[in-house]
Amino acid sequence: MSARVVCFGELLLRLSAPGREKLLQSPQLEVRVGGAEANVGVSLARFGHRVDMVSTVADNALGEAVVGELRRHGVGTSAVRHVPGRMGLYFLAPGAIHRPAEVLYDRAGSAFALAAEEAYDWPALLAGADWLHLSGITPALGANTAAAALAAARAARAAGVKVSFDGNFRPKLWEAWEGDARAILRGLMAEADVLFADHRDMGVVLGGQYAQAEPLQRVEAAAADAFAAFPHLQWLACTLRSPRNVDHHALAGVLVGRSSGTALAPQEEVGPIVDRIGGGDAFAAGVLHGLARGWEPERTIRFGLAAGCLKHSVPGDFNLVSEADVEALVGEGRYDVKR
Amino acid sequence: MSARVVCFGELLLRLSAPGREKLLQSPQLEVRVGGAEANVGVSLARFGHRVDMVSTVADNALGEAVVGELRRHGVGTSAVRHVPGRMGLYFLAPGAIHRPAEVLYDRAGSAFALAAEEAYDWPALLAGADWLHLSGITPALGANTAAAALAAARAARAAGVKVSFDGNFRPKLWEAWEGDARAILRGLMAEADVLFADHRDMGVVLGGQYAQAEPLQRVEAAAADAFAAFPHLQWLACTLRSPRNVDHHALAGVLVGRSSGTALAPQEEVGPIVDRIGGGDAFAAGVLHGLARGWEPERTIRFGLAAGCLKHSVPGDFNLVSEADVEALVGEGRYDVKR
Amino acid sequence: MSARVVCFGELLLRLSAPGREKLLQSPQLEVRVGGAEANVGVSLARFGHRVDMVSTVADNALGEAVVGELRRHGVGTSAVRHVPGRMGLYFLAPGAIHRPAEVLYDRAGSAFALAAEEAYDWPALLAGADWLHLSGITPALGANTAAAALAAARAARAAGVKVSFDGNFRPKLWEAWEGDARAILRGLMAEADVLFADHRDMGVVLGGQYAQAEPLQRVEAAAADAFAAFPHLQWLACTLRSPRNVDHHALAGVLVGRSSGTALAPQEEVGPIVDRIGGGDAFAAGVLHGLARGWEPERTIRFGLAAGCLKHSVPGDFNLVSEADVEALVGEGRYDVKR
Amino acid sequence: MSARVVCFGELLLRLSAPGREKLLQSPQLEVRVGGAEANVGVSLARFGHRVDMVSTVADNALGEAVVGELRRHGVGTSAVRHVPGRMGLYFLAPGAIHRPAEVLYDRAGSAFALAAEEAYDWPALLAGADWLHLSGITPALGANTAAAALAAARAARAAGVKVSFDGNFRPKLWEAWEGDARAILRGLMAEADVLFADHRDMGVVLGGQYAQAEPLQRVEAAAADAFAAFPHLQWLACTLRSPRNVDHHALAGVLVGRSSGTALAPQEEVGPIVDRIGGGDAFAAGVLHGLARGWEPERTIRFGLAAGCLKHSVPGDFNLVSEADVEALVGEGRYDVKR
Amino acid sequence: MSARVVCFGELLLRLSAPGREKLLQSPQLEVRVGGAEANVGVSLARFGHRVDMVSTVADNALGEAVVGELRRHGVGTSAVRHVPGRMGLYFLAPGAIHRPAEVLYDRAGSAFALAAEEAYDWPALLAGADWLHLSGITPALGANTAAAALAAARAARAAGVKVSFDGNFRPKLWEAWEGDARAILRGLMAEADVLFADHRDMGVVLGGQYAQAEPLQRVEAAAADAFAAFPHLQWLACTLRSPRNVDHHALAGVLVGRSSGTALAPQEEVGPIVDRIGGGDAFAAGVLHGLARGWEPERTIRFGLAAGCLKHSVPGDFNLVSEADVEALVGEGRYDVKR
Amino acid sequence: MSARVVCFGELLLRLSAPGREKLLQSPQLEVRVGGAEANVGVSLARFGHRVDMVSTVADNALGEAVVGELRRHGVGTSAVRHVPGRMGLYFLAPGAIHRPAEVLYDRAGSAFALAAEEAYDWPALLAGADWLHLSGITPALGANTAAAALAAARAARAAGVKVSFDGNFRPKLWEAWEGDARAILRGLMAEADVLFADHRDMGVVLGGQYAQAEPLQRVEAAAADAFAAFPHLQWLACTLRSPRNVDHHALAGVLVGRSSGTALAPQEEVGPIVDRIGGGDAFAAGVLHGLARGWEPERTIRFGLAAGCLKHSVPGDFNLVSEADVEALVGEGRYDVKR
């Protein structure tokens, strides 16, 4: 049973150093397409859902390329606006061993960031949809996008479209325009049915302190606060990430239901990492897939974690794996050549 | 003391995704040359033996390239036939972490698969040879190649040329033409002096069940059955492979002699893997090298395992290492720069 | 407080196989610039010191490229001589898992090796400098460079410029011209304030045997002998390297002061290694930075080890990290993306 | 005024040597997607028409990549069938100066070639379409595809959908299965409203001899025969190509209307050629665009020729230019940087 | 006799499609460093002058790379300011045959454009200089840079530093902020000793109409107006460019002296063009070199044109040729291999 | 009728800048294998002759790669000696338009140059051969190779093996060791049956002045002197090369027979050139092929020129074309895609 999903957010070009080089150590950049919400959208399209992207891009060769790449991966792009302006970019040096990856954002003043709230006709854009997916990056980009994200979430609730919201708290973006992160994020979370967030996000929004010894306890306490604060909220999910070094992390997954309690996907060792970007988005897509399919929480969180782990083996921001690929890993994992 | 070895089998072009990408994720393919028997041949040529390839390729630029690559690595190619037709291909996405490598064969209808049994004049081709090396892939390609492989093995035995046979059981290939794998493989194994096979191969051919707790016990039981069934057989060898994840396997080696019992090369950790393809062929070549040199079983299997391990560090299907490289690893291993 | 540092040594072009390939397995070579002393110089320039290179290169496009690359990384090159001749080269195959990296030197007869002692006007070249850095590779190249290195060290001492000397004992280079390594190195070490050397170097130069059970004990014993033999010497530092396999080493750091005793930086696991070349030079630069800054030995050796570890994550011979990058690792290490 | 166009034909992967190398001279292949009818489809989509591809691909990563690439360029792919089998491939060495480009087809037994006539439900596939575009390559692939092409053309005529047919006579393909090229092509041309063909094609199909001195006269005579033989036919168009050497051709364009006579686009010099493949398809798409727009013959053939010329400057099989790009060249051509 | 030259202008990263591809046709970008004034500076440094760049870059890895690249080519960078912000970028698709190259600027809001006039202490920056080189791009970027350029030119004149000004009129940049191009450019030209401009530039600034039949006559008429309007002006130079197609242009050079009349360098055919960007800057540097050397106008303009022609054979924005390279072409040109 | 040919000369690694870049403009080098005599050998092997290379290479990975590349292209390498030492290298920047290609030799002190005359047992090496091919580069490398070349030529004449000698006069190499070019080349030419040389070579060796107006007249006069001076000489051949610019040359071919007079292959335009290196060697191989086949002079020189022209379209030093490829060009040339 596949769902119709609308994703709203910025589309970005990623320009990354080849191999494990530093930025511009040699005179080449590899280009990928990304964006937190688009990453979720591509995953869901690969899992068999019908996904449409709502966004604004520059009406030039870069915007065309970004949109074409989404289409290539099965995401509908007829609701992407092409307007004069610039594309958001980010530069990436992937890091290695003890040297962390570095992201250099160059997205200020992008066509997406400058698009007015009224640019989007939400009732029309959401017609027939089952889900709307948003993240906390969009409102962090400025007053325009904050207003647009809120309008989208409220229109979805009004239309009976379920809202999925990924916290993705980025202090630097909020500071750049002195946005009231707490109020705006709270407004968005209030409309959410599903929230991807951990105790740090909830601390920012609800002001709670989560000093429990175990990460899982901190997440569960934060989830309890979230359910209390947001009556529409049904599910809160997050990963627990433990980096051993830059090339090797460990990941567990948690899904807390308002009524069903905590489902846990046990920790997996993930390394040597091919590409860590988009790991959280791949996890979110996996969880949304389980929820859309109506699976049990246990199955859902195991699928979500497996999807998130697999992303670390795929170059680029998109998790180019199928439902069957994820199921194979949930099953037992086969680590030898498939012929 | 170097041997003259004839290898018979298909030559393949491998087209692989760069880095750890998925197939056609970016629009480039890296080209390598391979084929189970050619892989063994190249290893043996590197170890100092005189090796000649018997095969059939397309009489076009691809066939020419494949043959040139063998020649580059010291394998004689004057017995390779060039005929109208197509080359066998395979596409490879190498995988990473939890995402297994995928091989996509495109070899149906190749010039090799279509070559009639009579295309090869075995008495002439084997004149002066010490060894003939075959694998279970060749008969799996169809009735023509099954007949040709049997003819080769029988001609070898008739001429006093020792026969090495690598089981390489591939159910999908047999199913494609409904070949009688059991009968044909049994016929080939009946001519073999050396057999590269484990309990799974022997279960297919002899019908035995090997439910022992330890892998080594299963191999030894299968070897006992093999020696009973095939009176010419002197040696059975295999690796015991334990994948921890896609980038990291562990390998041990077993060599069972009809009269000398079991020699074991203890497990080595192998990772991060550069290229897993051809690992079994590199092991087989290492063992054949020891047998051709007349080494003790213990030394032979240690050399075979070291050769197999080293292959995992070399890009491509061929194990581009020398006898001295393998000996250095058997010795103690030096893991810092050689200057 | 930044220092003025003069580095004297050969500049080399490194030509390396792409990825983990063997040399010329595919028809491409990646080009980097290196040289033990230049590697130290680039690190120190990145840490904020004013560094000038003294060397001799070929007056052709290769020499120009090498010098331009130093300049790009902030090292002064006005004291590099351009003369007719050839550039020193080295070819590198990086190795993997059990297959060690291989360096193929092609530096005989280089413009640097042939430059006469008198080519360098040391009093002028050292005017205003705080430090002179040399290594044992330069005297190993032949009688000319041995004389030049000694002249440099003695001129430095005469001018009150501190001398840093990295042992870098390379038997093959000495054997090629039957140079008296022991006498010449002893002469150089006699001028040194700081010596990068371990018990093996000191064994060569002072003839001692260091059979202590623990590597640290062997280094401390060698340091004691060095302080006894060389009255100017204030510090001896080295790494303790334990290769697990080609892709994974462990490194600790030792700094012994004539009066302050031993400071130890505890062992770090380093892997999967991106580029091992220049690891020792990066360590030396880190230690020199601490000494130039006047830091405590403990802080100095921790900084030196962290710098050396980080080098293993950077492609090429140069350690393209900043003081802040190293401090971040000394601090606690963050192994997730920096955004 | 944009049209709805259905294109039917095989989708191919092109694997080409980098730069001007010979095939496998170095171990890399660049991958492009093509196919005569898909090339026309991508052009028309870029010119603003709604285009849907009807085809059959292998249900593997290669088929998925091909279909994704069409989607990326704006062609609808929901009518592409994914079935077990292999993809058609072709290998390309681009040639240079006096060395002609070489195409090595490897398309026998492809999923498309093996698809039965009944696989396509033409009334449904053509519903709402204005145009159907076919070429002579499809029927040349075998009895299945010949039947399917005829069925498509007849269904189009029955449904009032205009038929565009590009002769693309390839003797080798017809000989491979001893197909009756003359009868089958005649059957297809009988349904065409627009025919891309020159005197050589018409000679094959109608048996005429065209020995006029001037190429244009030969085309006009052939067009007269075509209009006589095929009462539905309204337009015949072709290029007149004069290769000076492999890197430099000259091209003129001819469009003959049943009632309007000959419109000529004068010869353009085209060189140095970047990629000659798909030049004819780009021309056909340009002419179809003019016809769909209802332009005068003169304007139509000038647009067609300009589109065909521009293709020679774009790497790959697709003509990645917009209507505005072509109009700019028709206008006057600006050959300096656009900033 | 070498001069001390100060160049003031923006440093840009150029991101270009590989080969003759369209932007993002394949997922790679080649990176070069450029900027009209930096291009002149690198040429002059290569010709033996001492050149210092004055500019403002982002204090990140991109800014560091740009500055390092200038240093690599011998330009002094100690006067480049590193401040928070973004780097100016431009994307380039090189074009071919009839398809013009396209430049996509993404430089709005760059650190350079936002730097206030007061950021530069011109008396200090110009101390000891012989020449200041500016171009019309800098004032076109906004009020800040317009003010800074004027301040620089006036400070130079006040300090007796000769001013070289390249018109480089870019209407789009002026329109973006509604700057008064005419007044500002007039103010800058009033300070110039040497002006690189043709009749179009002078038409913009002085309002003249130049309808003479021959381009040379138009330039001479414009020069006469310029000498009348700007009493400090001694020289006006420009190229006459005739594009045959995108890959092949023809270039002549004109130098008009206030007192010496017109010197002409006759037209050269230039093709197939490797990289057209920076051709005008290379010409300007060549002319400035002749003026700085005190050469005759005839020799100067021939050198300038030869330098400009050579640039078309060098990838990237910089003209990486020496004085000897240019002299060789002025001499007679040798078009076979130099061994 | 194929011949057995022995080629004697140095094998070189060529390291070239990618595309049209300057050396080390970006940090990559493309690797090719070459050497004047090996280039001839590979061509002849491609034309169907049995060719064996006699040479000396370094016993390292570079020497192994060079020898493997020859074998790949069908040249026998069992007579290549592997000894300690270094490989000869050359660096190439290909040039463009007005910027000539530059070759930077780094071959001094190579294993080949240092090999003593006695290293080669000529009677054994020439047993069964029909032809020996040498060039003037070998004696220019030093006294050892000069002696070895003379010994080879004399042994060939003594054994009835025909001698082909390509003048290839390189003044710089002779000057480096003050070799007596005139005497040594005269000694070699005295043994030649076929001489590839023009009036410049003959002027050096015989001291003649050739001031005729037409190049062809100069060559004929030089040939007359050569036939007078060298009684064994039967044929003299050369190309007449007219460079229009670096990317475009014109070539004619001349073959003068002692008894048959002059045969001329008329001038061909050659451009845009892909790789000019090895053009002369390809011509020589084409002429030798015609002579070995016993063709008429006219056919021989047309084949030789066509082979030489085709080389300019093939990347690398080797002329990777077949006899059929050359015949196709001699025939009439087809400049459109071969499908």
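In order of appearance the chains are A, B, C, D, E and F, and numbering begins at 1 in each one.
In this section, contacts are C-beta pairs under 8 Å (C-beta built on N, C-alpha and C of every residue); 3 or more make two chains touch, one makes a residue touch a chain.
All figures in this text were calculated on a predicted structure; none of them were measured in a lab.
Undergrad: Go through the assembly and pull out the chains touching chain A as well as chain B.
TA: C, D, E, F
Undergrad: Looking at C-alpha means, what's the farthest chain from chain D?
TA: Farthest by centroid: C.
Undergrad: Taking each chain's centre as the mean of its CA atoms, which one is most distant from chain F?
TA: If we average the C-alpha coordinates per chain, A ends up farthest from chain F.
Undergrad: Sharing more than half its contact pairs with A-B, counted by residue number, which one of C-D, C-F or D-F qualifies?
TA: D-F
Undergrad: Centroid from C-alpha atoms only, then distance chain C to chain E, rounded to Å. What do you get?
TA: Centre separation, chain C to chain E: 42 Å.
Undergrad: Report the inter-centroid distance (CA atoms only) between chain A and chain F in whole Å.
TA: 63
Undergrad: For chain D, what residues touch not just one other chain but two or more?
TA: If we look for residues of chain D contacting two or more partner chains, we find 22, 27, 102, 272.
Undergrad: Considering only the defined contacts, which chain F positions touch chain A in the complex?
TA: 26-27
Undergrad: For the complex, which residues does chain A have touching chain D?
TA: 68-69, 71-74
Undergrad: Going by the contact rule at the top, pick out the chain F residues touching chain D in the complex.
TA: These residues of chain F touch chain D: 268-274, 306, 309-310, 312-316, 320-321, 325, 329, 333-339.
Undergrad: Could you pull out which chain C residues touch chain B in their complex?
TA: 19-22, 25, 95-103, 105, 170, 172, 241, 243-247, 249, 272, 276-277
Undergrad: Which of the residues in chain C end up touching chain F in this complex?
TA: 15, 22-24, 27-32, 60-62, 65, 86-87, 89, 91, 93, 102, 104, 106, 108-109
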